[in-house]
Amino acid sequence: MIAIILNKTPEERISEIVHHIEKHDVKAHISRGVDRTVIGIVGNAGPVLAEQLRQLSGVEQVVKISKSYKLASRDFHPDPTIIQLKGVEIGGDQLVVMGGPCAVESPEQIDEIARLVKASGAQVLRGGAFKPRTGPYSFQGVGVEGLVMMAEAGRKHGLLTITEVMTPEYVDVCAEYADILQVGTRNMQNFDLLRKLGQIQTPVLLKRGFSATYDEFLNAAEYILAGGNPNVMLCERGIRTFESYTRNTLDLAAIPVLQSLSHLPVISDPSHGTGRRELVEPMSKASVAAGANGLIVEMHTDPDNSMTGDGVQSLFPDQFARLMQDLEKLAPLCGKRFDTVKEPVAAVNS
Amino acid sequence: MIAIILNKTPEERISEIVHHIEKHDVKAHISRGVDRTVIGIVGNAGPVLAEQLRQLSGVEQVVKISKSYKLASRDFHPDPTIIQLKGVEIGGDQLVVMGGPCAVESPEQIDEIARLVKASGAQVLRGGAFKPRTGPYSFQGVGVEGLVMMAEAGRKHGLLTITEVMTPEYVDVCAEYADILQVGTRNMQNFDLLRKLGQIQTPVLLKRGFSATYDEFLNAAEYILAGGNPNVMLCERGIRTFESYTRNTLDLAAIPVLQSLSHLPVISDPSHGTGRRELVEPMSKASVAAGANGLIVEMHTDPDNSMTGDGVQSLFPDQFARLMQDLEKLAPLCGKRFDTVKEPVAAVNS
Amino acid sequence: MIAIILNKTPEERISEIVHHIEKHDVKAHISRGVDRTVIGIVGNAGPVLAEQLRQLSGVEQVVKISKSYKLASRDFHPDPTIIQLKGVEIGGDQLVVMGGPCAVESPEQIDEIARLVKASGAQVLRGGAFKPRTGPYSFQGVGVEGLVMMAEAGRKHGLLTITEVMTPEYVDVCAEYADILQVGTRNMQNFDLLRKLGQIQTPVLLKRGFSATYDEFLNAAEYILAGGNPNVMLCERGIRTFESYTRNTLDLAAIPVLQSLSHLPVISDPSHGTGRRELVEPMSKASVAAGANGLIVEMHTDPDNSMTGDGVQSLFPDQFARLMQDLEKLAPLCGKRFDTVKEPVAAVNS
Amino acid sequence: MIAIILNKTPEERISEIVHHIEKHDVKAHISRGVDRTVIGIVGNAGPVLAEQLRQLSGVEQVVKISKSYKLASRDFHPDPTIIQLKGVEIGGDQLVVMGGPCAVESPEQIDEIARLVKASGAQVLRGGAFKPRTGPYSFQGVGVEGLVMMAEAGRKHGLLTITEVMTPEYVDVCAEYADILQVGTRNMQNFDLLRKLGQIQTPVLLKRGFSATYDEFLNAAEYILAGGNPNVMLCERGIRTFESYTRNTLDLAAIPVLQSLSHLPVISDPSHGTGRRELVEPMSKASVAAGANGLIVEMHTDPDNSMTGDGVQSLFPDQFARLMQDLEKLAPLCGKRFDTVKEPVAAVNS
């Protein structure tokens, strides 16, 4: 249930309405859009509360939301969410590109890749310090040291950083070193992890489970939002189908669908979405044409010797650079700005 | 197995090589590319023939093709197939758009839609006279009369026409009236229909079965090619997945994949691929960005009252017109020309 | 819409009711069950007819059926359909087993296999004369000759026969030689083929499309029933999923689901449903435990050299014999009789 | 890599071999089968170690295992794993049934259901205290209190207990109260949870991820085994497909496949596998016929008012009792004993 507030209702009155709502043992979330303010009511709000609200001065309308997710819904938050992060805007007109290796391997590796990512005009450095691996004997990432290496490379080259967090215990340390935390496809319904991420304010990139429906995906985002962290972006990274030529089937219709059902930014991952290097460029362009707010792309200086064996889907640096040039031309036709971060961003966490 | 012919080998010598091949109880298909001529050998060509061929003058190289399809393969035919049709080029640089209703309903309906399709700059009029329907009590199309109506509308407005053929018996009559014949998703492995289409020269748009792999898709095309009809285009129209919000999941990676495995033109169908009108525009753009040679898009003047009940995925005429304007800007960035057919094309079959 | 007739209504009165119905430009199908007679009304039956029917003497109740299939529905035909075929009952208490090779290869091969099928206690000989193959260069079956060979083997060993028909043109010749016609998974929505099969009375085993929903499957059966052929059996043969260890995922829940939605017999195909010989025995037993009316199982005397390359899913004769012994014990616990056909069945078509 | 030990090699010699192996910086796991003892070597065992081992006295053979999972493989452990638990044998000839509600709701509810589960002859009481829910506003389980209620009901009625654990932090408390810990489908690749479960000895029932391949499933089990906990059972609970009539598609072929690839017991969950009460009985029987070592079945005294809304797939008590009677007859035909636990099992953790 949401209550739509009359234009020009004073803040004081809104507080009174919130106070009234919370007497009913439910939670109120205020969303201030350009055009209107909306109060989302989460919990077992019965018809009695709805009726009372309708009669309060300042309340224009009370609308029942039948979807199981509330805060993630466009109904509740009609304007798009724009996450402001050290001069980068995710979710608005800016096209944001996150590039880097599957895994952080050494200080030299991540520093060199950061330099190339920056030189190509991308804004965010990606890299995994903790890796979720199908089998227990595969390389599991270099751990906390990797976080340090990546933060340093990001700081030096003026890039934001994103890294995956796999378990609630590591949320705090990852948030200390990285600008954005990523939840991997296998953890989309790791509800304790989602709850923990709801308790911080660090932006979260939530990857779609490889067989998750849109509804389940938005409910997973709702766990984070309901905890109090509004900085969530959704990432389409391919779903599992019968086709085995590609690693996954990148579902690009998810981009406009999620943007209509939700106000959260939508990022596309053509690397995992296809699993094949030669498909990253066409699928990157197609993602932007479908309206994506950004891309997350694997790039490696020596893909054939990457430690995770995911090199087959990583671009070579020159391919990444060419892709960025193409995107710069394509973006304006798709309603997006392509701002490279010309000035070094501020040092991380300083 | 293919035999690659030395540059500048005289035609006469090529004929002798073909003659030699055919003594071995196999078929030879000649493909003349810009750079080289290739002879495809189809049938049980054993190592003896391979060895003999290697020693013939004029033969540069003999290569075994391990794929189950041969004529559809890029190995056999390195240059893209370009289908020339009354001034329209399908498979080359030209972006081709096919628009129109799900079903032909009346002379007035198809005439008015043809006028709008033409005015928007598309080159081909689509419309079904025979409709494959899940249940026997649904509207099954108006039949042969519909072919006549559509041919007349196409002729009048200077548009090529495409229509679906469902059974071998109707191939000839459909080919009499339409410029392109469509094989629907449920008939992708109707092998008798494919064999019959191999016996004519009318271009065929073959839709991917909704759960067909790329390999099965190209093998279905091979049936038509092996029969002797080289004019085949492939159409990605969405695959069946667990997601039910959209009617199908449009697999845009299929576009670059099919273009790399095969030389045949690839058309995208965002209408059936999503089943939702509001997704047709973003998925059309994404298709072009992914490299599609063309689009097939449903448009109806009164979608809510369409006879097939497919109106929910049909664009309104003004939406179609706007889409065409957007595509005109997008095409050059994706390596495609956007030529509207300014002059009326010649009358159909005259 | 169906009209349920009062018990003990005389035949003459029922004819009058049918006559009344058909004045409304719809079709009436009579279904005589043990407990009650039901008239199915197919076509655009409006509320006027419904109201009139309710008032006719002899009509107990008029019920709207909201499913898109009518004649295939349990609502219309509450008792199970039992197909009587030369002493074998398909759809009742008898467990029916169809065994034989993927393809008829020679008179000797099919004769020897028929002998073994008979000796093991099965009632029906399976074998393909026309084979649907993914690629055009694979073995396509021996054709009409194969029909003759199989009919002869069936006659000699006292077995019913089943064979696949792929195209409307071959329906008549296949029906001349075989007792049951099979529609393959790729042809489940070959509507012209289904319509043609509706015009004969030969029993049809309709295989589920490898990505067909239950609803689509029953609508495909409806095409045959609506044409006038009531002798349809449904065959679950595995669906396509992401799992590639097995050729398909055999959906055994389909058995009780289809038996509750429909009155038609349900046969299970563990050979195609798994694609692996070692899984045929456990899946056969599981099918019977799930309530299947019968099984269709591939058996070959020399599977490694079968002409279709499907030998990997064919049982050896001794495995087939052991399976039959196990089924004989299992059947009574699952509410089924296991009658081997002790006496030779009458010669085919004599 | 595994080293197969010569028959009658004394324990002392085996210890020496293990000692030799572990000098190479790898782990050795001993598996003592009826026929032979096998030492599994996990880690980067190079060709040097292989060569040395081959020459050690007591080593019969050294075999490389190419699968990514080792300890879960039949190659390593040829005999089936049998988990002995207070007189119940899981993985051998005994058919084990786990019954109970989706969620523990109150002491009275779980006590009454435990009484009925016991009276029907099942050996294990199931019930969730912590519930993984798609959305954050759904009932999330009663928590630790629920563990206490269930342990008390199990003790009183002489039943083993199984409950789900969702996060590493709760493993210890769950293991204190329950006999078996369940990992849910969404957590199959929650690798930190799996690692934690590898550090205890409490048996774990690992549910297959709803889109996991067999290979991924066995690799997830490998995480637990590699940690040192050999007591793992695998649970097939349905996979996600395009069919939406059933909640999931129960993949019964998984039972014989997993039993051939692995030595671990395989349990079937027809309740989640179908999501429909009326399908639980046929799918339970089919599971046993396919060779399942046990079943986990939802039963509730008041399904329509269950707190999770999962009542639609829960059996009524009388249905559960009838199912148990049917299974008692079916089990011997499928190579299984059906022992009800006649005597009260010992009190939990006493």
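A, B, C and D label the chains in the order they appear, each numbered from 1.
Criterion: contacts are C-beta pairs under 8 Å (C-beta built on N, C-alpha and C of every residue); 3 or more make two chains touch, one makes a residue touch a chain.
In UniProt terms the chains read A, B, C, D = 3-deoxy-7-phosphoheptulonate synthase.
Note that the coordinates shown come from a computational prediction; the quantities given were computed from them, not determined experimentally.
A.B. asks: Consider the two chain pairs C-D and B-D; indicate the one with the greater count of contacting C-beta pairs.
C.D. replies: C-D
A.B. asks: From the C-alpha centre of chain B to that of chain C, how far is it in Å?
C.D. replies: It comes to 36 Å between the two C-alpha centres.
A.B. asks: Quick check: how many Å separate the C-alpha centres of chain B and chain D?
C.D. replies: Taking the average C-alpha coordinate of chain B and of chain D, the gap between them is 51 Å.
A.B. asks: On a C-alpha centroid basis, what's the spacing between chain C and chain D, in Å?
C.D. replies: Computed from C-alpha means, the inter-chain centre distance equals 38 Å.
A.B. asks: Which positions in chain B are in touch with at least two other chains?
C.D. replies: Counting only residues that touch two or more other chains, chain B contributes 211, 215, 240-242, 244.
A.B. asks: What graph shape do the protein chains here make by touch: line, ring, star, complete or other?
C.D. replies: Graph shape here is complete: every pair of chains touches.
A.B. asks: Inside the complex, what are the residues of chain A that reach chain B?
C.D. replies: Touching chain B from chain A are residues 211, 213-215, 239, 241-246, 249-253, 255-257, 260, 273-274, 278-279, 282-283, 285-291, 326, 329-330, 333-334.
A.B. asks: Using the touch definition from the top, list the residues of chain C that touch chain A in their complex.
C.D. replies: Result: residues 240-242, 244 of chain C touch chain A.
A.B. asks: Which of the residues in chain D come into contact with chain A in the complex?
C.D. replies: 42-43, 68-70, 132-138, 166-169, 186-187, 189-192, 210-211, 215-216, 219-220, 222-223, 226, 240
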